[in-house]
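Both of the next two complexes hold chain A, though its partner changes from chain B to chain C.
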Partner chain A sequence: MLTLVLFNVFNGVIVGLFYVLMALGLAMILNLSGVINFAHGNFLALGGYFAFLLVPYIGFWAALVASPLIVGVIGLILERTIIRPLYPRDPVYSLLLTFGLAFIIQDLCRTAWGPNALPLTVPASINQPISTEFFFLTGYRLFIIGIVILAVVALFLFLRHSRMGMRIRAGTLDLETVAALGINVRLLRSFNFGLGIFLAGLAGVLAGGQIGLNPNMGDDLLMPAFIAIIVGGVGSMVGTLLGGLIIGVAAGVTTVFYPSGSEVVIYLIMILVLLLRPRGLLGEEGMMT
Partner chain B sequence: MGSRSAPGMARRTLVKAGASLGAIALAAPSIIKARGEEPVRIGFVDPITGIYSAFAQSEVNGAKLAVEDVNKKGGILGRPVELLVEDSANDVGTGVQKALKLINRDHVSAIFGDVNSGIAYALSQVTNEHKVFQIVPGGHTDPITGKDCKWNVFRVCNTTSMDANAVSGELIKRFGKKWYFITPDYAYGQTLQAAFVKNLKEAGGEYQGDMLPLSTTDFSASLIKARAYGPKVLLNNMGGLAQVNCMKQFVQFGLDKQMALGGALYELESLYSVPREALTGWWDYEWWWNQPDVPAAMAFNDLVKKAYNVPAASARHWFGWVGVHSVKLAAEKAKSLDAIKMAKALEGEDLPDEVKCQKGRVYYREGDHQLMANIFVGTPHPAEGGNPANLVTVQSIVPGDKAALPVSETGCHMTWPTA
Partner chain C sequence: MSTTTVSEAFHRRPTYGNWLSVALVWAVLLAVPVWLPAIGGYTSLATRILAFGLAAMGLNFLLGFTGVMSFGHAAYFGLGAYGCGLTLKYLANSTPLAVLIGALVGTLGGALFGALIVRRKGVYFAMLTIAFGQICYYIAYTWNDFTGGYDGLRGFVRQPISIGPLVIDIQNNMILFYYFVLATFAVCVGLMALLLRAPFGRTLIAIRENQRRARFLGIPVEFHVWLSFTISAFFTSVAGALYALVNNFADPTTLNYVISGDIVIMAVLGGMRSFWGPLIGAAMFVALQDYISSETVNWMSFIGLIFVVVVLFFPRGVLGYLRRLPL
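Our next item is the complex of A and B:
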């Protein structure tokens, strides 16, 4: 039993890291622009589908880079055309807009690629278990862990040490003052939005390689991403990382003892956090605590 | 809007946003097809979006072809037939709301639905209350034509007991008596697993299993448990995209080399989407396109292929096809669209060749209104002969009434309205 629990803790970390990738993009957009992006899961799906189109021509590795970039550019265009005009308004407006956008993207995917699941082919060399003992740790899952860690480290370094990153962090705390200092806030928000959508696209390619593609694939991943942000604390990227890991492990361990509760447990954790520490585990001091 | 991000506000808004995710289903758009003058309206409530969308789309497409066919042949009682399709979004509340809209606003003569057994079950209560004739094309849970059967409800697809009974013997004989279940935790999965467990226990077998939420996307935790248990066969009872996801992880983890696969349904729509290593095991097919010695089956298959540019017709296409033709049969025999008269007329009725599309007798059983059709027990394999739909070898055909429990054991006690 102990081995089973430990295996599921380890497996939960892997699942949680995937939630983190999804949640980081969502959190970046929320933190700087106050936009609760309901379409984030659908951008994830787009990332997977574009990779599906590109793989036969440029291969999986190139598609892993190109597809998120394409989705990021689409995100940039949408931010400039339909989301930016809503920044001065109550966040509910952008919430409703992205809510509608989610349906539009989902139906576009269904129209273009059909309702059936499609396979996204990953190189066979990484699609096998690395050992018979740790059979659940396939080369591909290991690769996902590596990509997520790389993305998280790169993002944190970018936010801490680059000029643009520092401006984003400052904007998260006080956008008006940042604007008063002569920084182009429009550009800052656009870049930040595009980067967040790029991360969604990246998550889409990685998810597609594991579970395949379907028009609804982002829906079931969106809620855990929201919960990771709430549990970790709105405004804290480290908190988001922690939140994703906690809910991933909790769902995995719950499956050992009470499989039916593997979904509800993450909501219970969210309720507990909201009751006992409403700002989230690390949500006190703002971004990059 | 203040420039400073206000975490408290953002968190509250975020929590509200999370809550409103649950309302997405209610906002799903409806699809309404072209209307003629004074048509006979059939309302179809099915999960056009969600994990069962591929099945639902096939059912709706099969029904559309049947409507065209019926209209070409003079409609129902001389009136054209119109199909109104609504998306249940795989949500019980949404499905019920859409059915009420079809009944109260569109005054449909019959309701079809739903792929999701839980929704089909809820719809049966709504249609019974409103005395509307209902066909359940593809919701399998036993009580719909079992202990909670209704005079107005007829089912095309099999019960979960029928599917389990048809294949259990083969699974025990070929793979052994130690099973592991991965099952969706709702009406369909619960009754299906119960039927399998009953058969396994009677054979002296043992089992473990996980009942998982329907929306599960990652099955790694359950597969870790399955491997620790060391079963002879893994019964993947998940449906639609969830079953496909589970199969993919099963193969990725190399479990296909350690245990067999099997279960009730592994439908054509799913077979297209799984890795070739997962095309294995013993499963039920509720209708199969490749019946060269049945001209009506081949004609129906050609019709679907031509209309929708798919490799073959699936059981779900056939469910929709049978559903619409059943309404015609009932109405024309009853010479009325009155639900009670239609239900009485359809009891015990045999389907004609061009509708049943298979050999043998296919009929709605009197007493529980369950269609008794053949169950094609088969073994999936990678596509053969250059045909992407040639994915299953049918090993045996089990007549529905051989797999079904007798009416007296289903728990169905049909109560008819007095007026």
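Our next item is the complex of A and C:
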């Protein structure tokens, strides 16, 4: 029983980490640009598929970096061409646009790589079980945890200490003032968008090694990522991080006792948070609420 | 919010259409069984268009006339569909009763959700509506014994309506069924027009144009937004109930956020500042979807392109675009 509980909690942590990567990227874009990116899960799938293409040529390690970069650049280009003109307009338009983008990217993936699951090969050095008793502690899963922690720490250090990061944080609080201080807000938003998409691409490579690739692999992560943002509090990146972990572990624990309830428990947590603390766990009063 | 300037809104009465165009709309709708087969359509396509048209007009009550964005109206559409289907299956052999109960379920759902989230604003509000929609989706999806789960709810058939000795066979006669749906549509649309003409509707438009100003004028903004949300859920759930009757089937995907997106794009495609816009948008979208999905396996790309093209090039929708032409 203990092993079973540990197994599912551990699973929950892994799933939660994917939620976190998705949700952090989504939240960055939402906070600075006010765009709900419905295509975020599809950028994740793109990240996985590009890694699938690149691994035979440059190997897994290089693909782990190159694939998210390519996806990030695609995100950057889309932001500059079709999303930027929508910033001054009603938010319904950017929502609809990314909604349509999600359809297109998913269909392109299906056309290019087929509807069936493809495996993403992971180097043998990180893909072996570590303990026989705790069979679920495979090297690759520990590797996922390591990479996500690395990425999250790097992101938070960047946001806290770099000039660009500080501008992004300032921009989420008051974009007009930031612009008035002579900072190129358009560039800031483009970069921020690309960075958010990069995180989705990274999650895609990691998820591909874990569960394989299929055209709608990101769909199941999109809604939990929304919930992570709502639970954590819109506007707070630490909150988003916390929200992702909480709902991941909660879903994992629920799986032990009531497997089909693992999706519902995520939404129950959200309702609970909304009733008790409407701005979210770490959300600040007045931030977009 | 930003697409209409304040002065424009104050100098122009909201368009419910002049008498001529209203007469034209109804003439076209009444004559569907005559002209649609002639151009290669079929009557149940028109029935589906009416159902989605009502859903989009219901959403637009909130989106276009109150200025509040919901991206979760699939919830009410689906609740209406399941309420209607479950009533026919377990409760009563009466089609009108089933539609009423479907509408009741959806409206209650809307009132409940609305009360929880009405204080939230903008994008955050939209995210919450999406999340609530997904709750309904997962309930329908996992509650196998009651809702049929993944396979959807089957085992109910719309029943003929008997008024005294007169029996209207909407069960087998698709044309009579179309007129039943049209009659329900007409009642809802009439009600919607009355609401929008009333001081209540003018208040909603005032909130859309300038929420802060409306608040300073002493209008209880949250209460009005909640009421508008609930009314909007009512219209959309009637539409969902009608939709369930078209195929005698309630599908869990009618609750999915994809349907929410479809309903919003219908409203925007037709023109969300006009009364009839969403119906035109629904007609275009449903007909296009029907045509494209039978022509190519890559229909998803085309549907996605419709979204992108409408947003980038026709943000005011068809009616908004036509109104700008110097005619």
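Here is the rule we use: the second predicted complex is superposed on the first by the 276 of 289 C-alpha atoms of A that agree within 3 Å, B and C clash if a C-alpha of one lies under 4 Å from a C-alpha of the other, contacts with A are read in each partner's own complex, and residues count from 1 in each chain.
FYI, a residue touches a chain if its C-beta (ideal position, glycine included) is under 8 Å from a C-beta of that chain, and two chains touch if they have at least 3 such contacts.
The model shown is predicted, which means the values in this text are computed figures rather than measured ones.
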item: Touched partner set for A:226, first chain B, second chain C, both or neither; value: both
item: First (chain B), second (chain C), both or neither touched by A:184; value: neither
item: First, second, both or neither for A:85, with chain B first and chain C second; value: second
item: Which of chain B and chain C A:275 touches, first, second, both or neither; value: second
item: Which superposed partner A:95 touches (first chain B, second chain C, both, neither); value: both
item: Of chain C and chain B, partner touching more chain A residues; value: B
item: First (chain B), second (chain C), both or neither touched by A:103; value: both
item: Contacts of A:162 with chain B and chain C, given as first, second, both or neither; value: neither
item: First (chain B), second (chain C), both or neither touched by A:234; value: both
item: First (chain B), second (chain C), both or neither touched by A:36; value: both
item: Touching both chain C and chain B, counted on chain A across the two superposed complexes; value: 30, 34, 36, 38, 88-92, 95, 99, 102-103, 106, 110, 223, 226-227, 229-230, 234, 260, 263-264, 274, 278
item: Touching residues (chain side chain A, partner chain C) in the complex; value: 30, 34-36, 38, 82, 85-86, 88-97, 99-104, 106-108, 110-111, 223, 226-227, 229-230, 234, 260-261, 263-264, 267, 270-271, 274-275, 278, 288-289
item: In the complex, chain A residues that touch chain B; value: 3-4, 7-8, 11-12, 14-15, 30-32, 34, 36, 38, 87-92, 95, 99, 102-103, 106, 110, 114-119, 127-129, 132, 135-136, 138, 140, 172-179, 210-212, 214-217, 219-223, 226-227, 229-230, 233-235, 251-252, 255-256, 259-260, 262-264, 274, 278-280, 283, 286
item: Complex interface listing, chain C residues touching chain A; value: 1-3, 63, 69, 71, 116-117, 119-124, 126-128, 130-131, 134-135, 138-139, 142, 257, 261, 264-265, 268, 298, 300-301, 303-308, 310-312, 315
item: Residues of chain B that touch chain A when the two form their complex; value: 1-5, 7-11, 13-15, 17-18, 20-21, 24, 27-29, 48-51, 53-54, 56-57, 185, 210-213, 215-218, 220-225, 227-228, 241, 244-245, 248-249, 252-255, 269-270, 272-273, 275
